[in-house]
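Structures incoming, each one as structure tokens.
What follows is chain A paired twice: with chain B in the first complex and chain C in the second.
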Partner chain A sequence: MTAAVALQLLVAGLSTGSIYALVALGLVLVFKGTGVVNFAQGEFVTLGAYTALFLSVFTPLPYAAVFVLTVLLAGAVGMAIERGLLRPLIRAPAFTVVIATLAIGLMIKNALRLAWQEPVSTLPTPFSSDPIALGPLRINPQYLWVIGCSLLLMGLLVVFFRASRLGKAMRAVAQNQDAARLMGIPVGRIYSITFGVATAIAAIAGVLFAPLIGIEAEMGGVIIKGFVAAIVGGFSSLTGAVVSGLLIGVIEAFGGAYFGGIFKNVVAFAILIAVLLLRPHGLFGRAEAHRV
Partner chain B sequence: MTANRQHRSFLGAALIAATLIAGPAAAQDGVTSDTITVGAYGPLTGPAAYVGLGGRDGLSLAVKELNDGGGIHGRKIKVVFEDDGFSPTKALASVKKLVEQDKVFLVFGVSGSNPTVGTLDYLKERKVPTYVSFASAPQVTRPFYRHIFRGGTTEAARYGELYAEFLVEFLQAKRIAMLTGADEFPKNEGDATERHLQEWYKAKPVLRVEFKTGDKDFTPQLLRIKEANPDVILSFGLVTEAAIILRQARELGLRQPFFGSGAMVDNALIASARFAAEGFMGGWLTPLFLDSAHPDMVKFRTDWGKLYPGAPAGRPNLFDVLSYADMHVVAEGLRRAGKGLTGDSLIKALESLRDYRVNEIATPRTFTDWHHIGNLRMNMMIVANQHWVPLRWDPKRESAILKDYKK
Partner chain C sequence: MFDRVGGIAGARGRVALLALLAALVGMPPLFDSYYHFLLSLMLINVIVAVGLNLLIGNAGQISLCHSSFMAIGAYATIYLSTKLGLNYWLAMPLGGVVAGAFGCILGLPAVRVRGFYLAVVTLGFLEIIQIVIEQTPGITGGVRGMSASRPELFGVKLRADLHFYYVILAVTAAALYCAHTLLHSPTGRAFNAIRVSESAAATLGIPVARTKLIAFIVAAFYAGIGGGLFATLVGFIDPLEFGVWTSIRHVVFIVVGGLGSIVGSAVGAAVLTALPEILRGFKEFSEFVYGGLLLVVLIVMPRGLVGLWPWWRARGRASPPARTAAVDKARAA
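Then we have the complex of A and B:
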């Protein structure tokens, strides 16, 4: 393999890995904030992409306005879903909530599939479709935009959880609802905000990736790789989610080059198993300490 | 014998005779004096919903036209539709319900290869007349079975014949690389094309690489293809994959022409891949593309729009056209079968069809008493100036498939 080919694979892997990273970020965020494993996160990506598509088709809004409006709408939808469908289950067993999120995802996917029956659509962007040539390396400008946005978002979320009162409140709710409530934290509102932010992140992922991978009802299937990234990263670490997502994307690209395209998934899941065997709490996770 | 006994014997004989005469019609499931019940199945939910929704709606449009025209020999057609979710087990359950509970006269398949194959053993065992509008799996018509007919989509092996001939004779391709999906349908197309390239033209592809359905990055495969430096790149799979493949190929500096599956010939490819789609070629199963200005296609789109106002983007699609055309083929069979309709009379009537089509939106269908592959044709299309345009090319070689049947 020449250096040029390796670099090209690295860029492709990082861009695909950004998809996994953003999905994993949403998963980790909801888990950190509410303790819920949200199986609808993939469909929130789909919802974001379709919302942007509808806005761009049915309104004359420019890309920037479509982007911002989509994120705001998705956030509102996420909060509404939490308030209307998940809040009533706040005391239900964790498994019940997981199944509820799965059902929400299926409803979103099938509704979108019936509403828009083009097999694949795209979103116009202000970026040129001509790749940037750096010697033998060719980079789609959209890739750089996606990788940059993913890293920026991760940074903002890390600061948010560590430094802001709301972020700390979300972490407190995730650790112990009752204790958080006794400390005066409005648990219900924190749940809503968490789902709103996670849905908004998914929408950002949808808008960013639509021009690269197309918009279709099945695009939420990326949640599987998002889960792998989240678990490898430790499931409670935002940095871990992003680093693992990028890593899996890169390993898949090189795995595809060395072992053939159909073994890419095998490589990703082999990594998952290896990491869990060696570090059961993930690369960036820590074992929870319990006072005895 | 008394007059009374004679009278009773006469009545008894008359009753037996009447039963014998009326028997077959009365015993024929799904046929009454005023109705013929057709059972259809296909995916209305799940990833392949666009196949079944198109199949159902095209079928319904044809049935509406037929019923508005007075039906067939005074009988109106009633359709019972079952959703199979593109699952072979659900398809089998759907077909069992249609046959055993709804007592349909004919089963009309608008599903696709995997689910359809799951129903075949049962339908053969029950000897139910079956018309498969779209499923390219060879098992539908191979081995020959008298009760089962194939409509719009041809056998997978035929795609291989047409693609190989087109690539070598028309495109004059010598170095061919293949990028194919690992699922049943693209794999079958790829295998058939590779086989005919070798058997007919001694042309072995310089490289064949595969991908998984749902993949979003094809860089590893495309870099290998770039290294192989082919004249033409074949890609078999879905339009969702083709849109990404074309964009990534052009980004990586691959300038060779692409040729792809019929499933990739879709306006969504142009809308998604935009200028990367320019020059892309593929096979199309009907003579006219969906946005054609031909009066027959304009009429179809208008009538379809009236029946389904406010339809979502992407409709009507190819499957609307195929099932619409195939329901008209079945209707012609029903007409030719006459008033005393039975499964047997329908089969004989369908086997009498030669180059039959409702109008120019469909390829002609021919059936005989030794093969039930209705369509062996395909039109090659190219994206030129962001539109699908038909290429002027007709295959010259005789299909080996029919030769096999004759043997």
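Then we have the complex of A and C:
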């Protein structure tokens, strides 16, 4: 394997990995903020991709406008779902919440399948699919756009959580709900906003992911890779989720090139089981004490 | 009529059970073969749901890969009986045993994790089984699937759906009886104990990990038997049949019927298998409707259909006239 091929694999792996990272980021954000593990996060990715598709098919808006509008709409949908369907279950046992979010995902997926009967659709983007030549290197500009966008988004999130009032309020609720409420933070509204932000991140992942794999109702299956990334990252660390997501993308790309398709498909689960057995709190998480 | 774990108790319960059994034996010959097929499907789903309810409803372990154990039982049954030429009546229970063995393989890492981590691990297991089925066409027929044939019993080939229905009915009755016995045994009580509190159960000397493992193995065995019967009934299986949607359907059965209740599993599985078949034009929307149904039941009646039973029995007793009469009597005294 030449250095050029290795670099190309690295770029491809990083672009898929950044999608995994975005999905994992949404999962961890909601879990830290509200204690809910959202099994519908994958369907929010699908929802984002379809929303962008509908907007670009039925309106004359340019790509940039479609992108922004999709993210805003997804955020609003996420807040509505939290308020209407998940808030009543906030004190329910883990099983109930897992199954409820699965049910929400199932409904989104099938509503989209019924609304748009095409098997696989493509989302028009301003980037050509011709690779850019950099010396011996051939790189798909779509990959660079995905990586660039994801990194920018992650940077913005860091600034949001560190500097903005709302971001600080969200961190406070994640740390200690009762204390946050005593400080006058409206915990319920923060729940909705956290969910909305996570849904918006998922929608961005969907819009970026769409040109890589095509838009179809099953694209929410990416949630499994997102879960692996989130668990390997410790499930409470945003940095951990991002690093593990990128890592899994790169391992899959190189593994697929060296050992073939089966390896590429199962390596993430092998990593998941190994991490859960050897280091259940993840590579970046801290071991948790159980109160009896 | 029902006991704590949704088993049959009391004279009225036994009479009702016998009446139901008599109806299930006597009525089907009066209907045409479509209903024999539908009834068979319902009973197979009852077996599968009862197994899953032992794991989720009693032992409290989330599993989203029940359809994989069904797949393992189905493929093992067909492989053993058609490719290795084993007698079907040996191959089908062995299919259940193979599924149980895989349940043990999954259970070993799974007993170390809990809650949603377990849900993710079981989802991963489902994906791995799907990939393995697709990638080993020599054993499973790959994505093209595999066809099965009906077995012979006492020299007669059970070609008619009605004949095979009676086999399924017998297996279902045995499965329900075993589940009932298990739940009243120390192991079954231990299931409920670890669901309520693992620490309290451990304090009382219950081996928590071993009990969870038993729950995984039993649930997988039930699903494997259901899978073997399903393959033989339908005559053809492919990996698509056993995807995550099928697993979620099994969870819907027990949530709607009633978690931790044998009667609940049976009612949920039977009703939710029959409804989509009876309501024409519903099939296209079935996944959407199932999702909505699941949400409504979780939010509005978390104890499922069997949770309505005490309320139904209590109706009338607390009716206003009776209460006023009692109050008047108390005042007079």
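Simple rule for what comes next: the second predicted complex is superposed on the first by the 275 of 292 C-alpha atoms of A that agree within 3 Å, B and C clash if a C-alpha of one lies under 4 Å from a C-alpha of the other, contacts with A are read in each partner's own complex, and residues count from 1 in each chain.
Keep in mind that, in the parts below, a contact is a pair of C-beta atoms (placed from the backbone, for glycine too) under 8 Å apart; a residue touches a chain by one contact, two chains touch by 3 or more.
The shown structure was predicted, so the numbers you read here are calculated from the model rather than taken from an experiment.
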item	value
Side-by-side fit of chain B and chain C on chain A, or clash	clash
Chain B versus chain C as contact partner of A:A111, first or second or both or neither	second
Touching partner for A:G167 - first (chain B), second (chain C), both, neither	neither
Partner chain(s) touched by A:I273 [first = chain B, second = chain C, both, neither]	second
Chain B versus chain C as contact partner of A:F227, first or second or both or neither	second
Contacts of A:T122 with chain B and chain C, given as first, second, both or neither	first
Contacts of A:N265 with chain B and chain C, given as first, second, both or neither	both
Partner chain(s) touched by A:A103 [first = chain B, second = chain C, both, neither]	second
Which superposed partner A:I213 touches (first chain B, second chain C, both, neither)	first
Chain B versus chain C as contact partner of A:V37, first or second or both or neither	second
Touching both chain C and chain B, counted on chain A across the two superposed complexes	110, 114, 262, 265
Residues of chain A that touch chain B when the two form their complex	5, 8-9, 12-13, 15-16, 19, 57, 110, 113-122, 129, 131, 138, 140, 212-214, 216-218, 221-222, 249, 252-254, 256-257, 260-262, 264-265
Residues of chain B that touch chain A when the two form their complex	45, 47, 49-50, 53, 182, 209-212, 214-221, 223-224, 238-240, 243-244, 247-248, 251-253, 266, 268-269, 271-272, 274-276, 311-315, 317
Touching residues on chain C, where the partner in the complex is chain A	56, 60, 62, 64, 109, 112-113, 115-117, 119-121, 123-125, 127-128, 131, 135, 199, 245, 248, 251, 255, 284-285, 287-288, 290-292, 294-295, 298-299, 302
Interfacial residue positions of chain A with respect to chain C in the complex	37, 39, 85, 88-89, 92, 94-96, 98-100, 102-107, 109-111, 114, 224, 227-228, 231, 262, 265-266, 268-269, 272-273, 276-277, 280, 292
